[in-house]
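Here's the structure we're looking at; comments come further down.
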């Protein structure tokens, strides 16, 4: 894998540890990695709540070279979807939408996945308050 | 039957009871006997199935209710009787309630035309083979009715599967039955039984010349009974419970009951067709052999005949349960293909062979009868 | 009046063959599936959020519940990550014990799958036979660890106590070697079984890559990717990754049966090596003072249902800042969307069963 | 009158107790132990309970095997309502008894299914061994034989629900 190729796509790109951090255009970078370096598997997308922004980690894997690539991008509330490139991203992005509330532009069927449809809040965010007062039976208690 | 009728009338006239009374009760009493016998048979069958499945899968099976668990199915029956009957609010209520009764009536009726022994057939018409074929195919209509009226998608899919399955497997059965009719020169179940009589016992039975027909008939019977590997209409792992998903309590019990009663009836029918019905496998009856030509022997022989019939049916049932413990389920597409592409041509071929055989030998192996 | 020609069927969450609480919303034309939409989350227990509020040792026992059929793998993942972060080295015996138990656990998991898959296909007995053998393994685990399914046996830096009752494992190996032959006799060449599995649910490698499918399902599609080959824990053990090229449900079945045999081999090697090494000497990490240095940690393992991995971000505290699990089944469920389209309903059940989906792994 | 009621009760209670058909309802870990209870070594068939029904209409016993989450709760309630009377519930596993190990730290687990449906037998442990499940079924059987009567059945059912209503803890399906 050649870092120069990625730098051609996005100029703002640097390497921390073994992680390639990009500032934007993650879709193009992943497309390039998939098509030109045979990174055919997207192992997972991990989201981390850093407080004011959310970091997305894309872990790509190439079976032929047994090589891994770790991409990182920091987003606020919206991110580019890679559903076109990887089917598995549909599941990952949906999970992140459910847990962190990030909108993926280009992914049509984002919905509550783990939580019920009318659940409020995004549980894995750091500002999520874990209180039961919003739940049905506690409502009854409070009213009575 | 005439013989029994006269005996009964003589018995009544001794106590100066009117003849009309006798004429009415003579047909009611056997019906009650059948109804009770049917219940006992079904309870025993369910228990046998659970015990056998337990045995085949290295378990003990029910053994806590009564001695050796023999009252287990009785407890189940009582429980189903007193369980709440739910009619789903969106179902077609009239048809929903009608279906379990409709499924049960033909099964009860068909028990009347079976010759249990040479003197014990309630309805003995000259063409009762056809009557049998019609009555046995009838429950599937009620199954469809129940599945449709439940307004449940699983029930509907189960019911449609059931219709498709029975329709395709009825046809080979008819051809096989036709070949037996050709062999026996009779459309009467007693006639077919008697035509299989020979001095050498089981060598005269029709499963020897018509082994292909026997196998086809057995396979089709499994399909008609919705038994494994053809249990698609009530495939547990696909359709929850198939057509009876919405039924509870007593109505479910009726479906359950008729299912096992049909299992019994079908096994009896196949024994009559191919395994010589109530004939003894040794040629002569045991009671005649042991007791000679006495009055006791002439009474006992009726019971012995019934015993042989039940024994043959039990063996068939055992094989069916054994198959259930062994085989996976067929795919729905393969199921239909299997019938139309293999069984139907084979059964026609079988009929053809049997006609030639009949023409050449006159019906039995040379000089046996 | 509506003229709808398709049927929407809601399969689950309470359904005998969804192996838990998976819900599939199917659109049917007759019995042919036009589209499939999995709905998950009925068992979402918030494992990842829980980690943020618990110290590592408090979190360790809950990890087994992520995959109740093969809990060892997830404890191993967590232990391994913490050990690597703190630079702890495992002794030789600990490594062998871990490999032996992991493989024993994999056998238990695959056995259940064999039974449940055949149950989906409508066969009754293989389920009982497989459960009978699985019971032996669970009894052994109970003897060793005190629990049948949630062992909590691996701890940071080693194992909770020395392994024992090796003769029990030897008996398990002896019995299973014969019994697997028996399974093959009643299942593998059964004409109904082959008719229902051969050529059904073909998983092309491209589709598998695209859907991030790993583990046995991928290897049954002809891709040689077995993490155990590069895993440092498995150093010194000889085994062959099972690769089959048929790509269908039957291959996935056969691959698991062959993998059972491979795992038995590994367990056998483990026992002979355990007998050779002496007493257990291990240097446990004091669980009360565990603080991972600031940074990100990642490790992965070949679990029975594909690649399992853990990601921990630590801010130097005694609790992880963020912990993420990656499980194999989660992506297999997503694959159903593609794989079931165009199949008949009862084939669909068989195909979904052949992927070995287990719901706590999906929902976490 | 009393004599007849008691003898009818005796027959019916014994029939009910010995033919508890469970619903196939397994959400997680405990479900596997439930499968082991059916399998060869433990064989719940001895007590007549191996007839697992997929349809709630035909089942008598809801063995709630595994964690119930907020998303699952309405489903559980509906299943319970679909079952025909008489129906019994065994809360299997620590999660269903009171949240278990997910009690304090999880946002999505319901802390005890008795907030949703009435429970007859509580069976803690995580997960309970098959022997424990058999024991629970036996206890339920004894309970049915001893304490039930056709005269009291209605009150028995009502008391369960009204008690929960009073506490305001009964989860209403529409609300979640």
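By letter and in written order, the chains are A, B, C and D; residue numbering begins at 1 in each of them.
Definition applied: a contact is a pair of C-beta atoms (placed from the backbone, for glycine too) under 8 Å apart; a residue touches a chain by one contact, two chains touch by 3 or more.
What you are looking at is a predicted structure, and each value in this text was computed from that prediction instead of being measured.
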Count the C-beta pairs in contact for C-D and for B-C, then report the pair with the higher count.
C-D
By Cα centroid distance, the chain farthest from subunit B is A
Counting in whole Å, what is the centre-to-centre distance of subunit C and subunit D, each centre being its mean C-alpha position?
30
Chain centre separation in whole Å, for subunit B relative to subunit A (CA means)
63
Distance between the centres, which are taken as Cα means, of subunit C and subunit B, whole angstrom:
46
Roughly how far is subunit A from subunit C, going centre to centre by Cα mean, in whole Å?
25
Of all residues in subunit B, which are in touch with two or more distinct other chains?
57-59, 236, 240
In subunit C, residues with contacts to at least two other chains
15-16, 41, 44, 46, 49, 128-129, 132
Of all residues in subunit A, which are in touch with two or more distinct other chains?
114-115, 123, 128, 130
Got a list of which chains touch which?
A-C, A-D, B-C, B-D, C-D
Given the complex, residues on subunit A that touch subunit C span 17, 40-44, 46, 48-49, 57, 63, 66, 86-88, 90-91, 98-99, 112-115, 123-124, 128, 130
Within their complex, subunit B touches subunit C through residues 53, 56-59, 153-154, 157, 228-229, 231-232, 235-238, 240, 324-334
Residue numbers on subunit C that touch subunit B, as the complex places them:
7, 9-10, 15-17, 31, 118-125, 128-129, 132, 186, 190, 192-193, 195-196, 344-347, 349
Contact footprint of subunit B on subunit D as seen in their complex
11-12, 14-16, 18-19, 39-40, 43, 45-48, 50-51, 53-55, 57-58, 60, 82, 84-86
State the interface residues of subunit D toward subunit C in the complex, per the touch definition above.
23-29, 31-33, 35-36, 38-41, 52, 54, 56, 66-67, 69, 71-72, 75, 79, 101-102, 105-109, 126-127, 129
